[in-house]
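Look for subunit A in each of the two complexes below; its partner is subunit B in the first and subunit C in the second.
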Partner chain A sequence: MEEVRIGVYICNCGTNIAKVVDCEAIRQSLSKMPNVVVARTYKYMCSNPGQEMIVENIRKHDLNRVVVAACSPRMHERTFRKALQHAGINPYFFEMANIREQCSWVHEDPDAATAKALAVTRAAVLRVAHHEPLEKLYADMCPSTLVLGGGIAGLSAALELADADHQVFLVEKTDRLGGNLARVDLTAPHLYSARDLLTDRITRVREHPKIQVMLESELKNLSGFVGNFTALVGPVKGNGNAPREQSMEVGSVVVCIGYKEFDAGRITHYGYGKLPNVITSFEFEKMLREGKIQTKEGRIPQYFAIVHCVGSRSRDYHGYCSRVCCMTALKYAHEIKSALPKSYVSDLYIDMHAFGKGHEDFYLESSEAKTLFLMYGKNEHPVIKRAQPGDDCEMLIEVSEKLSGEEIEIPADVVILMVGMEAQPGADHVARLVNISQDKDGWYIESHPKLDPVATTTEGIFIAGTCAAPKDIPDTVAQARAAAARILGRIARQKIEIDAVFAEVDEDRCSGCRMCNSLCPYSAIEFDEEKHRSKVNSALCKACGACVAACPSRAIKARHFTDEQILAQIEGVLA
Partner chain B sequence: MAIRVNPKLVNELERYGAKDVMKCYHCGTCSAVCVHIGEPFMFPRHPGRNLQMGLESKLRNSLEPWLCYYCATCSEQCPRKAEPSETMMSLRRWLISRYDFTGFSRLLYQSWKAELAVILILAFLTGAGFLLWGFSHGDIRSFDGPNAFLSSSYVHIFDWAMAGVLTFFLTVNSLRMWWFTLGGRKDISVPWLAYAKGVYLLPLHFFTQMRYAKCEQKFPWVIHLILMFSYITMFVLIMFFLHAVQSGPAINWNAHVFGYPAALGLIGTCIYLVRGRLKKNQPWHVHSHVSDWMFLILLLYVAVTGVVLHVLHRSGLGFAANITYVVHMAGVVPMLLVEVPFSKWSHMMYRPLAMFFADLVAMGLRKKARKPSALSSPELAHVS
Partner chain C sequence: MTFEPKIVGFLCNWCSYAGADLAGTSRIQYPPNVRVIRVMCSARVDPTFVLKALREGADGVLICGCHPGDCHYSEGNYKTLRRYQLLKKTLSSFGIEDDRVRLEWVSASEGQHFADVVADMTEKVRALGPSVFNTAKQEQPQPVHQEATR
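Showing the complex of A and B:
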C-alpha cells in the first residue's frame, strides 16, 4: 500500500477560532502524529492564499491526504475538495474537523475547548488515512416533465417548459382545465377578469404540440429517480370513458394540485345550510359570473355582510391564514357597490391582511366606497340569525365589535362567508406516490422554507401553487415558473450528477432477507428477484446509513463511511 | 342588548359637511394627538366610530363634539386623510339641529337654498317693516331728534322683543341638550348640589374659552376672543345704551369709546377669517360649509353697514343714514333669528353648557364605577 502522507491545517478563522482554541498547541501536538508530514496554522484557510498553500504543499511535499481543522464542512468542505482536485489528487482524500461551530463558538473555557478541538482533529487525521478515492457518477436527464394539476400553476409550468421545446404531460383529475381560478369572476386588486387570465393559457396549452393533456386522469404510480422517472397515469376511478392507462418516461415532476375550500357548514354559528342567504365566496362568484346578485327569494338585496376568516386563523378549525380572502372580500365590496350603488356593505374582519402590491390602496378605495368595516375578535364568532318579520332586512348578525367596544347587530340580506383554503382530500395519496411530505396542516413541505421554495426533499419532484401553502395568483405563477426554470436548468446540464457517497450492497454477502428494503427512507433499495439480492440505487441513496447498521449479514458498506474510517475516528477522539 | 347598526346615518351627516368619514380605519392617531381628551371623553375617534356605525342615540347624547376646537392637528396627522376635525364640526352642526325642537335647524343645515331663502325673506320683511314704521312715525330725512325716522326708544323695544324670542328658543333647546346629554340618562345620576357647585363654569367658559387656549396654536383663540368681546361690547351698547349710540349728530364719546374698537374688532376679525377661508391658509380653514360662510358674511355685512351708518349720521346726511339703518337692520334681524337659535351662533350657549355638563357627566360616571351594581348600563360597559 502506498505510504500515507498527511497535511494538517489548523485555521484561526481570524479570531473566531483563535480567541478560544490554542491553534499552535494543536499544531504542535498533531505534527508528532504518525504520517503527518506537514502541520500548519493559518489565519483564513478558505481564502485564496490559504487554498493555494494546500495546493503548493501537496505538490512540494507529495501529500496524498489533507485535513483542515476549521469551520463546519457545510461551509467549506466543497472549497477544500476543489483545492485537492486542483492539485491533482482525489477530492475524497480530504477530511474536515469542525473546531468552530462545534467548539470555539460554543465553549468559553479555553483549556477545555482546546482539548476538545485536539481530540476532534486527531480523529480526523486517523480517519483520513482510511479514505478511498471515490468518483462521481452520472445519469441521463430525461427532458420530459410530468405536471400534476391543470390549474393556473400547472398551465404556467407546462407552457414554460413546452415553449422551451420539451415534452410535457399535463394530468388533470376533473374534466376541464383552469382549476379553482375558473370559478372566479374578477381578481383582486386590479379587477382583471379571471377568464381573460385563463382562456389564453388554456387555448395555448391545448394547441401546443409539446403538451399532452390528460383530463379526468390521475397518477397511479411513480418509480425511478431524478432524470429517470417512470410514471403511470390512468383514469380517475369510476370513469369508463377516459383513456386507458398510459406509461411515460419523465425527468421531473411538478406537483400543483391546488386547494379545496373549507366547508362552512362546520361552523354552526353562521347558519350555513340552514339560513338560505348565507353563502360562501365561491357561491357569490357564481352569482357575479352570471351577473345576477339576488337573495334566494329573488329580491335585490339592500344590506350585504362579508365575514372574514371562515375556517382560518381559528383554534377550532385551521390555525393558518388563507392569505387571499381579505383582498377577495374587498373585491366583493367593490363589485357589490358598482352593481348596486344604493346597497350597504358591512365587512366583518379580524385583521386586514393587505400585504401585496396595490393592496393598501385597494383597502383605501373600499373605504372610499363607504364599506363599513367592523372588527371581531380572533376565536370569536359573529352569530347570524333570522330577523323579525317587520324588520327591513332578512338577517341580523350579532357581534362583539372591537373598534367601538360595543355589542352590535348588523342588518344583512345576504351574508358572504370567506371560506379558507384546505389541502385537497387526495393530497396525502399523491404525496406518498411521489415521495414528498405534508406538514401538520396538509400543505406540501418545501426543501427550505426561505431559500428553496419549489424543490422538495426528493430530487426531481417540485411543488408549486396552493398545494404548498395558501397563496394568491402572482405567487402561484411565480412558483410554477420557478419550478419550470429549475427543471430547464437541469435539462440544460444534460446529465444528472450522482454524489459519490452512497451505500453499496456486497452481493456475495447479501442473503436476500430484504430487511433493508423497507428501512430505506428514500426508497432507494431495489430487490433483484432473479439474483435474489438487494441493490442500492446510487442516485436515490442519501447515505444515511440506516441499511448499513441494520443489515444482519453486514453486507452493506457506506462509501466514505466505512467501519474502519468510523472506528479510526472514535479512536482519535478517545485517545 | 345589542345595538342596531345604521349604515344610512353617514349619508345624512354628509349634508352637514362630513367628509371621508368611512376612510377612518381606527389607528387612533387622531385621539392620541388631541390635547383635549381625557377620560371619559375620548375623541375624535370614538364619535367618528359611532358615526360610521350609525349609532344615532349615542351621538345625540354625546358631549365630545363640543370639547373640540378644530385645531385640525388630528386631520393633519390622519394617515388616511379621513378629516376627523371636519367630522367633529359636522357633528356640532348636526347636534345643533337635533337640540332644536322646531326642525328649522335641520332644514337650514341640509339645504343652502332654504337658508338663503329664509334670510332673504326675513331681510325683505324687516326692511319693509322698518320702512313702514319709519314713514308712519317720523321723517326720513331726520335721523335723531323728535322727528327721528327710527327713534331709539322704539328700536329699543323691538330689540328687546327679539332678544326675548331668541332667549326662548335657546332656553328650550338648551334644556333639550341637558336632557340628551345628562338629565335623561338612565345610567348616571348627579345631585342638584353638584349642579350648584359647578354653575360658575358657565360664565367662566363663556367669557374666557380657556379650553380653546389649550390648543397648540394660540392665535385662533385670541382671534375668537377679540371677535367675541367686540360682539359683546356692541351687544351691551345696543341693548342698554341705544339712546346714547343713536344720539347725535355729535359723537357721544362715552358710548363710542367702546363702539369704535368693537367695530374694528368685528370687521378686522371677520375679514381675517373670510380671507382665511378663501385662501384655505390654515388647516382649520380648508373646509367651509354654507353655514360657515353665512355666519361670517352676515356679521361682516352688519358691522360694515353699522360703520357706514355711523359715518353718514355724523356727517349730517340724515336721509342716507336712515336708509342705511334700514339696510343694516335688514341684515341684523335675519342674522340673529337664523344664527342664534338654529345655526352656528348657538354654540355660544351650547359650548359653555357642554363644559358644565361634561364635569357633571364625568362625576356621575366615576360614581357609577365605584358602585357597579347600581344604575349600570351595558352601553357604557367600556367606560370606567
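Showing the complex of A and C:
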C-alpha cells in the first residue's frame, strides 16, 4: 500500500474561528502526528487562494489525503472535494472537521474550544488515513418542479421554469393566487398598481400549458432525493372542495410560502381592537383598494398618524427589521395626500430605512409633501388616547420626539399601524416535510447567506421570497427567478452528481443469514439463492448504514462510513 | 477542579447534524464536552461504536437521530431505538449508569433543543463522575506479566 501523506488545513474563517480557537496551536500539534506531511492555517480556506494553496501543496508534497478544519461539511465539503479533484487526486481522500458551527460559534472559552477543535481535527486526520478512492455516481434529473406558494415569488419561479418548457406544479393553500401582494393597492416607490403587476402573471400562469395550478392544496409528503423526488399533494385539511390527493415526480422543489403579518392585537398599548380607528397597514390597504378612506363611523378623516415598526425592531416581539414598512408608510403618505389633499399626515418612526433603489428620493418627496416626521425611541412607544368630546379629532397621540427632545401631542382620526412580517405559522411543518432549517425567527436558512442565497442545505430544495426573510417585491422576484435559473442549469445537464456512498456485501464473509434483507427500507438488498449470499443493489441503496450495523458477520461495508473510519474517528476525539 | 466529562456524539447527517449546525449559525452557546462524529443515519451506530467510545475513555455517549416519522431513510431511527434499548440492558449489566448513554431526537430546525440536550447531558454525566472504565484505568497498577511473578 502506498504511504499515506496527509495535508492539514486549519481555517481562521476571518475571525469567526480564530477569535475563539487557537488555530496555530492546533497546527503545531497536528503537524507532529504520523503521516501529516504539511499543516497550514489560512484566513479563508474556501477562498480561491486558500484552495490554490491546497492544490499546490498536493502537487508539491505529493499529498494523497487532505483534512480541512473549517466550517460544517454541509457548507464546503463539496468545494474542497473539487479542489482535490482539480489537483488530480480522488475527491473522497478528503475529510472535514467542523470547528465553526459546532465549535467556535457555540463556545466562548478559548481553551475548551481549542481542545475540542483539536480533538475533532485529530479525529479527521486519523479517519482520512482509512479513506478509499470512490467513483462519483450520477442520477437522472427529473425536469419537473414543485413550487409551494402562489404569491409573487411562486408565480415568478413557475413562469421562469414553464417558459423554458418544463412542467411545474404550483401548489397554493388558499383559494386564489397572488399571495400577500394581492392585498396591496400601490407599490412603493414607483406607485405601480399591485393588481397590474399580478393580473398579467396570474393569467399567464393560469393559461400556461406547462403549469398545473393546485389551489386549496398543500404538500403532504416528500420522499426521494435531488432530481428524483416523489411529492404527494392533497387538499388543505377540512376542505371538501379541493381535488383529491395527487402524487407527482419532481426533480426540485421551490419553497416560497411567504409571510404572515404581525398580529397588532399582541401589542396592547396601541389599543388595536379597542380603539376603532386604530387599524393595521393591511386594513388601510383594503380602504385604498376600495377607494373609501373613512373612519369606522363613516366620517372623512382629517388627521392621519402612521406608526412604524409595529412588532419589528423590538425586544418584546421581533428583533429584526421587516424592511418594507418604511417605504409602505411613505406610500400611504402619498396616497392620502393625493386622495385627501387637505388632510394632515404624521409619520412616527424609529429610523427611516430607505435603502433601496429610488427609495431615498421617495423619502425626500414625501417630506416635501408636508408629512410631519416624528422620531421616537427604540423600545419606547407613542401613547394613543381617545380624544375628549371638545377636540376636533378622534384620538391624541403623545410622543417623546427624539430630534427636538420634546413631548409632543398630535391629533389623529385614523392611526395606521405598520405591522411587520413574521414567518408563516405552518413554516415549521413545511420545513420538516422538505427537510430544511429555520432560524430563531422562523425564517428558512439559506445554504450560504451571501454566496448561495436561494439553495438550502438539502440538495434540490430551494427557497425564495419572504419565507427566507422579510424582503420587498424586487428582491423576492429576483430570488424566485434565481432559484428557477439554478434548477434550469441542472435540468440542462440532465444528470446530477450523487454521493458515491452505498453499502456493499463482502461475499466471503456473508453467511447468508438474511438478517439485512428485511432491514433495508429501499429493498436494495437482494438474496442470491444460488450463492446463498446477500447482495446490495447500489442504485437503490441510499447509504443509511442500517444493514451495516446489523450484520452479525460484519460482512457489509458502508462506503465512506466504514467501521475502520468511524473507529479511528472515535479514537481521535478521545485521544 | 470540576470534572469535565468527555462525551462522544453520533449525529445523523440529515436532522441532528444539521440541528447542531443550526445551533452554531444561531450562536446558541452550550458546553464544549461533546465531540461529534457524523453518520448518515443513527441506524449506522453499531453498538460496538458505543462500547469502543466508552473503552477509549468517553464518559458518555450521545446518539441523535431524526424524530420518529421524520427519518430521512423512513424508519432508520426506529431501528436505532430498538437497538438502543437492547444496548442499554447490556450496559447496565456492566455497571454503566443509565445517564451515560443517551438517545435523543433532534431535527434540523432544533438548534436550541440540541444545545439543551448537550447541556443537560453534560451536567448529568458530570454528576456521575468518570465512567467505570476510566476509574478502573487510573486505579489499576501497571499490568504485571503473570508468568514472571510466579
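Miscellaneous remarks
As a working rule, the second predicted complex is superposed on the first by the 365 of 575 C-alpha atoms of A that agree within 3 Å, B and C clash if a C-alpha of one lies under 4 Å from a C-alpha of the other, contacts with A are read in each partner's own complex, and residues count from 1 in each chain.
In the analysis below, a contact is a pair of C-beta atoms (placed from the backbone, for glycine too) under 8 Å apart; a residue touches a chain by one contact, two chains touch by 3 or more.
The structure presented is a predicted model; accordingly, all values stated were derived computationally and were not measured.
By the document's definition of touching, of the two partners only subunit B reaches A:Leu364; subunit C does not. Once the two complexes are laid over each other on the shared chain, residue contacts for A:Ala549 go to subunit C alone; subunit B is not touched. Of the two partner chains placed by the overlay, neither subunit B nor subunit C lies in contact with A:Leu191.
By the document's definition of touching, neither partner reaches A:Ala492: not subunit B, not subunit C. When subunit B and subunit C are set side by side, the one touching more residues of subunit A is C.
In the superposition on chain A, no contact is made by A:Cys513 with either subunit B or subunit C.
Contacts of A:Thr457 after superposition on the shared chain: subunit C is touched, whereas subunit B is not.
Of the two partner chains placed by the overlay, only subunit C lies in contact with A:Leu574; subunit B stays clear of it. When the two complexes are laid over each other on chain A, subunit A has no residue in contact with both subunit B and subunit C.
Put simply, subunit B touches subunit A in their complex at residues 1-5, 7-8, 10, 20, 22-26, 46, 49-50, 52-53, 55, 80, 378-379, 381-382. Every residue of subunit C that touches subunit A in the complex is listed here, in rising order: 4, 6, 8, 14-15, 17-30, 32, 35-41, 43-49, 52-53, 56-58, 70, 72-76, 79, 83, 107-109, 111-112, 115. The touching residues of subunit A, counted against subunit B in their complex, run 303, 344, 346, 352, 363-364, 367-368, 370-375, 398, 401, 403-411.
Interface residues of subunit A, counted against subunit C in their complex, comprise 72-74, 98, 100-103, 105-109, 112-113, 115-116, 119-120, 123, 223, 428, 431-432, 435-440, 445, 457-458, 501, 519, 521-522, 542-546, 548-550, 558, 561, 563, 566-567, 569-571, 573-575.
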